[in-house]
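Below you'll find a set of structures to go through.
Next come two complexes, and both contain chain A; in the first it sits with chain B, in the second with chain C.
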Partner chain A sequence: MLIHNADRRMQIYGALLLLPAAVLLATFAYLPTIATLINSLFLPGFRGEPPSFAGLENYQLLIEDQTFWRVARNNLIYALGTIPTSIALALGMALFVNARLPGRGFVRMAYFTPTILPMIAAANIWMFFYAPQIGLFNSLLGALGFSGVNWLGDPSVALGSVIVMTVWKEAGFFMIFYLAALQGMAPELKEAADLEGTSRWSFFWRVTFPLLMPTTLFVLINALINAVRVVDHLFILTKGGPNNATNLLLYYVYENAFSFFDRTYAATITVVILLVLAVVATVKFAILDRRTHYQ
Partner chain B sequence: MISNDHQRIRLEAVSKRWADTAAVDAISFDVMPGQFVILLGPSGCGKSTTLRMVAGLEQASAGRIRIGERDVTFLPPGDRGISMVFQSYALFPHLSVADNIVFGLRSRKVPKPERRQRLERVAELVDLGPYLERKPAQLSGGQRQRVALARAIISEHPICLMDEPLSNLDARLRGEMRREIKALQTRLGMTVIYVTHDQVEAMSMGDRVILMQDGRIVQDGTPDELYNRPASAFAASFIGSPAMNLLPLVAGDRGAVIAGEASVSVAPVDAAGGQLGLRPEDIEICRESAQGVPAKVLDSEYLGADTILRLAVGEQTLRARLPGKQPLEQGQPCRLAWAPAAAHLFGADGHRRDDLTPHAISAAEGRSHGEGDATALPPQSANPPGNAQGIHP
Partner chain C sequence: MSQTTLNASARRTALRLPGLETTAAWLLAIIWIFPLLYALWAAFHPPEFMVRFELLAPLTLDNFANAWEQAPFARYYLNTFLLVTGVVLAQFVVCTLAGFAFARFPIPGKDILFMLVLIQLFVFPEVLIVENYQIASSLGLVNTITGIGLPYVASAFGIFLLRQTFKTIPRELEDAARIEGCGWMAILMKVYVPLARPTYLAYGLVSISHHWNNFLWPLVVTNSVESRPLTVGLGVFSAPETGVNWATVSAATLLSIAPLLIAFLLFQRQFVQSFLRSGIR
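Let's look at the complex of A and B:
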């Protein structure tokens, strides 16, 4: 009986330790998720009427919504454009600043600076780069005798411009994770490989890259989440335009909720985003985790 | 084995400087094919740096390194024809034991069937057969050590460098691996340079020991020479456990005496200002009535096979090692004696002095208490054994 009691007390003790985190998670993650799910089943009420239950009507609307598909396609292109590029760039930069080079600390700081800038400030800087007449890029092109490009105004270029800025912003952040992982690698591994005449290229693919897999997986998930989390720099740069060319999912949610005041439709899109993210993350962990060596 | 001259390693005035400190200061030595050479010294003496320069992991600041007829001073590590075992083993954590062992063969593009063949042979040699599919994290320290050894052996490079390979193992395993490494080296005819700070490893494994201090070679000789004819007070104190006693000598009436103990002269007067070295195992303890240097027992440490006594002589303390259990009491006066060959004289600069002959300190001369006094036995050994057991719980 005494042992049983002690066991029970330990369980209560453990539950109490978990309580603060559980309360915060429930308040700010689980409850809103459930509320969103419920909201998505209603149609908005007008003139003070309560919202009316509509079942899956919102989802029906979503499937027929051309803009939604446009935005989803944009987001896919955006993800494919930013994730591999920023990860590869981050890894390259980390390898570079991990080596012995003069002014290493300065270079590391320079690479990390975009990350500590607030998104709004960074977007404002890039506005100056992209501005059609006085912008940095067009001034440079003009000096070389080329005619300028309307970086954010041309529907075929605008999404690319947004992607470039995101890569610039994210790569430095991911670099920090790679750098930390590289610093944790024993230098003897490289020495042991050197003694066997292993080329740098071969060492990278046979040792460094596999040992960085846990970091890559972590960064990949982060990059994916970031790719569907974009609101702020669209707000400054393009407002989703021109003609939805740069509109992305979360910004579309924002528009629906706060510009068109269709909260339930916004909730529907959110639920779809959550589902897609959950599926992708599950697949990633299931497949990549098995091939990843954790130390 | 005459044709394997390509295994000879020669260092010519090799130095390594960082900023303005010299980690290794113009050292030269030759390692003959098939030799097991130990680089021994306290931490920071430059032994590891020397090894890393031979490996090519560190660039020499000055001097030349030759392997066989080739000048390898500026060659990358992979082109020197050497393998190396690291203190941390440097195993690739994500690769299986088998992949770890053949890592270098893959780098050198050895065809797969040959790789498998060599792996089989080496795995048998180091007893790793059942573990080939495991990851290093699933192995014990001794097994990891074997993987590191296997990786060095499979390359079939004639020269193997080892950087404190046993220091991460526990004492029992260390003794086992010592014998195994030595046996493998003999069997495969490898040339080995082995870095350690452990004098037991140096004495038991080395054909030759190079003792270093502050980036220079103090003594280069067989373990036997290091033990019996230490070249300096440092060498004397580094080899042997407990270390050699070093007693300062001052001028006395009839020659040099141990500081604070003027009654017996132990060396010619020229030795004053230097030190007298005595190995603990060379000291005889005699009765108080015998001749010899007067001393007093401070304490004793019983280790099973032998007993370490701490003795006060004049102002000095020294250690003596006696076989078995010695029931000597604290504060008991006694006399010390030793054979002339057991006494080593070192000058004020710490170097060995072979120009002076230490005096014989024999217990046999004195007869103040009858005839039996010359026996080198402690007085209480005549007590009934029950008494001694009564003291020792």
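Let's look at the complex of A and C:
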């Protein structure tokens, strides 16, 4: 009886400890998620009228919205453009920095520094490169006698320019995970391979790369999340333009909610983002965590 | 004698390695650091030297003076400073309590609750800007520094990290403290928190960098100088349509990143370690 009471008290105490976090999470994570789902079923009320229930009408609009498909496609291209490139670069950087290299400290610092800059500052700096007349890229091209490219104004180039900047910003962050994994690898592997006379190329593909698979998957999850979550640079570089050529899903949400004041449609697009994140989370928890374990 | 041959052979291997790989590594490093060096060049030279690289171009601080004059950077600094300290301190308190509960208390349905917390690793406040703006506005938090920070206080990442750390602390220490008459709060403050110091450092550094750099949610929830942090201030200041001269934008950009950048250069190891630890989500 006494033990039972003590248990009870522990439970209550524990619940009280959880309370502040629970209240905050409910207010700023669960409640808005549910509200997003509900609002996506309404149409905005104009002139002070309350929003009216519309069933799946917003989703109907979404399917018929050419801009939405364009933005979704952009986001896919953006993910495909940034993720493999930055992962490959990150791996290359980690291999470089892990080897004996003169000036290793500087090289590592150079790779990692973009990670700690705000995206806004990074975009500002890259704006100096991309700007049409006075930008550095076009000045250099001009000096070499080529006509300039409209890096951010030409719809066929702009998304590529945004992708390049993002790769620059992200690769160094992913590098540190590869570097940690490489440093944790048993040196005996390399020694054994040397004894066997294995070439560095096949050692990399047969031993290093497979052993780094958990890191690659982990980095991949992070990169996927960032591809839908980070749109700060668009505010400086392109504002989603020209003609939505660089618009991404979350930026389109922002536009709908705070420029076009269509909250319910913004909620509908948010549902799409939440679905993408849910897929990523399921892949991570259900598949990856079962097969690999992280350090 | 053997020492010198060893050195010589070591030097030979060191010399053999260069060539292609070292060149590639260095080339990539130079490309990677170049944008930042260029920002430094642009900020410390008069505007006409933006794309003219002359070794003897005159140095100037005018761009910084202009930036400082044209936008209320002092206020932005204060706001960012208040935001970052407030968020990190509040996160420490809330996440410590929750992490402690998850690590040591028999709460019914604990595993399910913990999974619910982990959802926040994927559903961030900035993804929910539309509804979070609504909620912040109904709580009267729009255009306040509290409004920028509050959605991030119950951080799943912090709760997760502290729970892991607390779980590794031997129960014997807790029992010893109890024998000395400590209650739960005293045990937490005297045993768990001090032993988790490296975790607090790592989490604190990641959180500081994140909130120093955060943009989208602060942009949405603020609308005046009184509450805007540096990133939003910089975004407003340097938006291309404002037509501010580039050398000034460059100086403003450096002003906004300087404290974090300098801290990073001084404490590189700690920063990199912290970011590594952040890799759990």
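Simple rule for what comes next: the second predicted complex is superposed on the first by the 250 of 295 C-alpha atoms of A that agree within 3 Å, B and C clash if a C-alpha of one lies under 4 Å from a C-alpha of the other, contacts with A are read in each partner's own complex, and residues count from 1 in each chain.
In this section, contacts are C-beta pairs under 8 Å (C-beta built on N, C-alpha and C of every residue); 3 or more make two chains touch, one makes a residue touch a chain.
Remember, it's a predicted structure, so these values are computed and weren't measured experimentally.
When both complexes are overlaid on chain A, the residue A:Leu211 reaches chain B alone and has no touch with chain C. Put simply, more of the residues of chain A are touched by C, taking chain B and chain C as the two choices. Once chain A of one complex is fitted onto chain A of the other, the partner contacts of A:Phe177 are limited to chain C, with no touch recorded for chain B.
Once the two complexes are overlaid on the shared chain, A:Leu76 sits clear of chain B and of chain C alike. In the superposed pair of complexes, A:Ile287 makes contact with neither chain B nor chain C.
By the touch criterion defined above, A:Gly197 reaches chain B but does not reach chain C.
In the superposition on chain A, contact of A:Leu117 is made with chain C only, not with chain B.
Touch criterion not met for A:Leu56: it reaches neither chain B nor chain C.
Touched by chain B in one complex and by chain C in the other is not one residue of chain A. Touching chain A in their complex are the following residues of chain B: 55-57, 76-79, 82-84, 86, 88, 90, 92-94, 103-104, 106-108, 135, 137, 151, 155.
If you check the complex, the residues on chain A that touch chain C are 7, 10-11, 13-15, 17-18, 20-25, 27-33, 35-36, 39, 89, 92-93, 96-97, 99-103, 106-107, 109-122, 124-129, 134, 136, 139, 168, 171-173, 176-177, 180, 218, 221-222, 225, 228-229, 231-232, 235-236, 250, 253-254, 257-258, 263, 266-267, 270, 273-274, 277-278, 280-281, 285, 294.
Residues of chain C that touch chain A in their complex: 13-14, 17-18, 21-22, 24-26, 28-30, 32-33, 35-36, 38-39, 42, 50-51, 93-95, 97-98, 100-102, 104-108, 113, 116-135, 150-151, 153-154, 156, 159, 184, 209, 212-216, 219-220, 230-231, 234-235, 238-240, 246, 249-250, 253, 256-257, 260-261, 264-265, 268, 271-272, 275-276, 279-281.
Against chain B, in their complex, chain A makes its touches with residues 186, 188-189, 191-199, 202, 206-207, 210-211, 213, 293, 295.
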